[in-house]
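After this come two complexes, each holding subunit A, first together with subunit B and then together with subunit C.
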Partner chain A sequence: MKRKTMPYFLMAAPALALFFLFHTYPLLQGIFYSFTDWKGYGDWDFVGFKNYLNVFQDKRAWDAYLFTFKFAVVSTILVNVISIIVALGLNAKIKFRKSLRAVYFMPNILSILIIGFIFNFIFAHFLPDMAKSLGFEALSKNILGDPDLAWIGIVIVSVWQAVAFNTILYLAGLQTIPSDLYEAAVIDGAGKWKMFWTVTFPLIAPFFTINMVLAMKNFLMVFDQIMAMTGGGPGTSTESISLLIYRGGFSGGEFAYQSANAVIYFIIILVVSIAQIKFLQKREVEL
Partner chain B sequence: MNSKRINWTSTILLILGAIFVLFPLYLTIMVAVKSPEQIAQSILAIPSTFHFENFTKAIKMTHFFNAFKNSAIITVFVVIFTVLTNSMVAYAIARNMHKRFFRLLYYYFVSAMFVPFPIIMLPIVKETSRWGLDNLLGLIFLYIVYGLAFNVFVYVGYIKSIPRELEEAAIVDGANVWTVFWRVIFPLLKPMNATVGILTCLWAWNDFMLPLVILSGNQEQATLPLVQFIFQSQFSTDYNLAFASYLMALVPMIVVYVFAQKWIIGNVTRGAIK
Partner chain C sequence: MKRWLSTFLVTVLGVSLLAGCSAGGSEAGGSGEQIQLELFSNKSESIDTYKQLIEQFEEKNPNINIKLSAPPEAETVLKTRLTKNDLPDIISMGATQTYGELARAGVLKDFSDYKKLETIQPAYVKMIGKVVGPDKEGVFGIPYATNANGVIYNKTKFEKLGFEIPQTWDQFISQLEKAKQAGEIPIYFTLKDPWTAMVTWNSLGANLAPDNFAQLKNQGKATFQEEYKDVAKHFLQLLDYGQKDVFGVGYGDGNKAFANGKGVFYLQGNWAIPEIVKANPDVKLGMFAFPATNNPEKNRLVSGVDVLLTITESSDHPEAAKKFIDFMLKKETAQKYTDEQAAFSAVKGVFQKDKTFEDIKTNFENGTITGFPDHFYPAGLQAANLVQAFLIKKNTEQFLKKMDTTWNKVLER
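Showing the complex of A and B:
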């Protein structure tokens, strides 16, 4: 049956217009301004690729990229390892199954900013106090105040929260595995470890891909945790790329310069995501 | 067989892990109901007297009810309009994927998932302030529009699995596309509407970056996360008040979660795999 397209077009057109106006148009503007010397106010001129070249020579930008990548890679790996373990546990025949699932999923509903404030207190006061009263001198100072260790604090908070969502996805994946596959593996004499690598892991591969890509993408955009815990410090040791763009763009008079940085950042996120999808999908198997 | 027995090792390990998950919340409650002297004695012990005035003081200092109202308005409007509009857009796309225009539209929306917010952050702030949208209304707009990328992705996946025969029958009976959508399709989308509604609710309630940049300086319209941030930077030493304030900002979502957790977990799982 031939149906008219017009009503469908009317359904989609307003969204298309608004999406263009509030998403694509600012995106194009950002790209446009990255080729100028605009400060965010006043006159501007075209400067070609000068901003881009300057970003590559900017120590602060390099540091932000290094910190963000170090943070994102470590957090992505930790989150996925922990989530798989927790999901396997929650999928096993356990007592208090529903309550435990509810508890493990809860961090996902909480504001990461406020969680950051709470962990800030834990690192700055609670842990040092505990360490002192127990006599662990090594742990008696605030790790967020140490330029070499502060990033670990941010990893801990981010992992604490992100494990919840990734666990739920893995749990969904584990439930798609038919139990007769395990029974067959048991008959073949496979141990627990072998069963995981030959049955479970290959079959949740699509979920592994989704989780790795989502986690990496989210961690590369890290912002709230850092605003809540270190504000980028000490010094600029925990300044992430989004924080640098926010600060430089709004209060540093670097509108055009940080626009160029944002374009580079966009391209990097895109390349990383596509590379991950290509690489990880190659090892997925179909049931 | 083996699989029928309760796995106690896993149970115990998971309970230990659960303590680690719950501990920061326990700590938050303990700090929020104590006085600084009680904190100095012991942070973790349950206090003999509760200092509920921490909450009343925090309410005053943060203008809590104003911020609560702002966050509630944003969340309610965003959830309702997101579910009503995004599902409709997705329906139009899903049923016309064989046409080039709609196929391109699908990829156009979905590809936005990979655009990091910082790249549009600087221009969108200029744009919203020029158009007088640097307020609650503007935020509501932006959440509805920015949710489109992910929501179209999950809705289209779901609508494709709904057999077309249901619609054909209604059209033969003389219904037009709009009636078909609202009477036939929309009710069938219930599980997906719930998923999108929940995820949108969590996002709109907890988001910090968008209010931070859009509402710059407009304290009257500040949302709860933004208020916590301002509060933290001004009164960072008074932990009891700060924690009372954090707790009050966290509680609404915890209450929602306690009542709807089974449903939330189920729906998020379903929404995520599509």
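Showing the complex of A and C:
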């Protein structure tokens, strides 16, 4: 090892060790157990790919994948659109800019579980009561209790919570754009809209990439919101993959089977993320 | 100075060594040394009661400290702790699938020789033995409190409508119809929480399907499609008498609403009663066994072991833990628990005196009792969400088929 790289290595080593211990090692364990029939305790045998084959035949797992992807795609798009708009607003020369930034970041500080419980109350009591007193009969019920609408409730809460973090990233991106570019654009006679599409958006492309990938990954792993708000219900209409793995693996006594599901799930998230990076990086421009 | 220091150190060392010896040497008994026990409970409703009981126990046994842990999703927590070999000393839990698995895994003490087992009603000892199954012999827990599934009713409304306790399904339905016409909500459902559907499912299933359904199903001799048709039909019929938003109300909200006069009937277990009374202390409640069939003699009360007490094999202080269980099984203690939790006792001679339970007392007295069918389902089935989905979609055939295929798949895994 060269003398120059040594300090860097030493700095990274503790983190690497911790990462391996608490992240990589359990992952390898999970992969190992997915080839057994372990229930989480007691004796076990190797069963080969049986668990994997069973996952592919499991209607409940298919439904969970379908729901999770639907949810993740919709939420990712919404989060990115909203957070770009909010970031542009917070980057403009407005009054109370700094305190507004703090206010918009608030949802990200709160625990998702607590947010979930609060919104649970809003959906169960506050909104229906309000709709009733205003005379909207159609809206006077808890949407979390309707299998066709419950996912929308979860999207609303998840997006509300996630926008804060993505906005911060976009804000950071907006600050990397030198102001002389805008001055040049003004001289060329560009309007606000044109300026956004030709200057701002291309230049925050790297941030757009990272936000899309992060948001998609996070939403594919959705868990707490659903746990707090619907518990996967009504029926199994909002059962996400992580929830299914957790429920089936721990309380359902199917540890090895759900480990196999988790490995599949891991590979899918990996593939989706890499594909997104590859695709989105192509359209990034260098200044 | 140095000499002073070394004397001090030697003294400290000596004292600590002595203390160490005595702690390892004898168990429970002796004086001065402290024993720390962990009591794990899966019931959030009984936390306050347990705290008081523990205080009483610690007063009499000053050398034993009991730490109560009652986390949410307790059975899952217990299972994850099992994988880490970090089990509590005493476990207080229901005779559920998890209990069966723990007992089969060999982590619970065998109480077959425990003297106080004689003070427990043998029917319940048998019931928890059935949950463990025939593969593992022994008694791995002491049944303590039992529960009952049925129909809770608002006495004031019930009397105003001129009703009497329905003995048959048809009578029950006609009352529901009358209540509806009188402008009341006949049944208040809390189906946002899937498990609340299992209360009714069990009441119906226990009376309309064969007793050993799970066993037959595992042997391939019975299917949901054949045996549960009536259960599904009856359940759907009941839904017609619910409030407007039956899938939008959860258990907690439902308890409050029922306490405040919404609904004439509430399909729940006795455990809901303290919660309802808490929400409105003036409410007058009654409870009767679910009239699932048209033959009054066939309608049995669904009752199971709600709390059993057991000690883990890995406990360092089994004697002290046993002392606590002895204390819990005393008549006064059991009576206090029974009163506060609106439960029924598995301890002989301890009765629930609350007037609310007058109507189901006869079931206990003449033994028209049966267990919870879903305690014998494979855990991986996760029946509650499937039942909830069925109640929303109302497609009986598809649902029963799904129960069958899922069950088979879970067994194959």
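Things to note:
Keep in mind that, in the parts below, the second predicted complex is superposed on the first by the 265 of 287 C-alpha atoms of A that agree within 3 Å, B and C clash if a C-alpha of one lies under 4 Å from a C-alpha of the other, contacts with A are read in each partner's own complex, and residues count from 1 in each chain.
Please note the rule applied: a residue touches a chain if its C-beta (ideal position, glycine included) is under 8 Å from a C-beta of that chain, and two chains touch if they have at least 3 such contacts.
Predicted model only: the values in this text are computed from it and were never measured.
Of the two partner chains, subunit B is the only one that A:101 touches; subunit C does not reach it.
Look at A:142: by the touch rule set out above, it reaches subunit C but stays clear of subunit B.
Once the two complexes are laid over each other on the shared chain, residue contacts for A:40 go to subunit B and to subunit C alike.
Touching more residues of subunit A than its counterpart among subunit B and subunit C is B. Applying the stated contact rule after C-alpha superposition, one finds that A:251 touches subunit C and leaves subunit B untouched.
By the touch criterion stated above, A:57 is placed in contact with subunit C alone, subunit B being left untouched. Once the two complexes are laid over each other on the shared chain, residue contacts for A:19 go to subunit B alone; subunit C is not touched. Shared interface residues of subunit A (contacting subunit B in one complex, subunit C in the other): 40, 125, 250. Those residues of subunit A whose C-beta lies close enough to touch subunit C in the complex are 37, 39-42, 50-51, 54, 57-60, 124-125, 128, 141-147, 230-237, 239, 247-248, 250-254, 257.
Those residues of subunit B that touch subunit A in the shared complex are 2-8, 10-11, 13-15, 17-18, 21-22, 24, 27-28, 31, 43, 85-86, 88-89, 91-93, 95-96, 99, 101-102, 105, 108-109, 112, 114-127, 141-142, 145-146, 148, 168, 171, 176-178, 181, 202, 205-206, 208-209, 213, 216, 224-225, 228-229, 232, 239, 242-243, 246, 249-250, 253-254, 256-257, 261-262, 264-265, 268-270, 272-273. By the touch rule above, subunit C contacts subunit A in their complex via residues 73, 75-76, 79-80, 82-83, 97-98, 101, 105, 107, 191-194, 244-250, 253, 378-382, 385-386, 388-390, 392-393, 402, 406, 409-410, 412-413. Across the complex, subunit A meets subunit B through its residues 1, 3-5, 7-9, 11-12, 14-16, 18-19, 22-23, 25-27, 29-30, 33, 40, 86, 88-90, 92-96, 98, 100-115, 117-119, 121-122, 125-126, 129, 160, 165, 168-169, 171-173, 179, 182, 186, 207, 210, 217, 220-221, 223-224, 227-228, 241-242, 245-246, 249-250, 255, 258-259, 262-263, 265-266, 269-270, 273.
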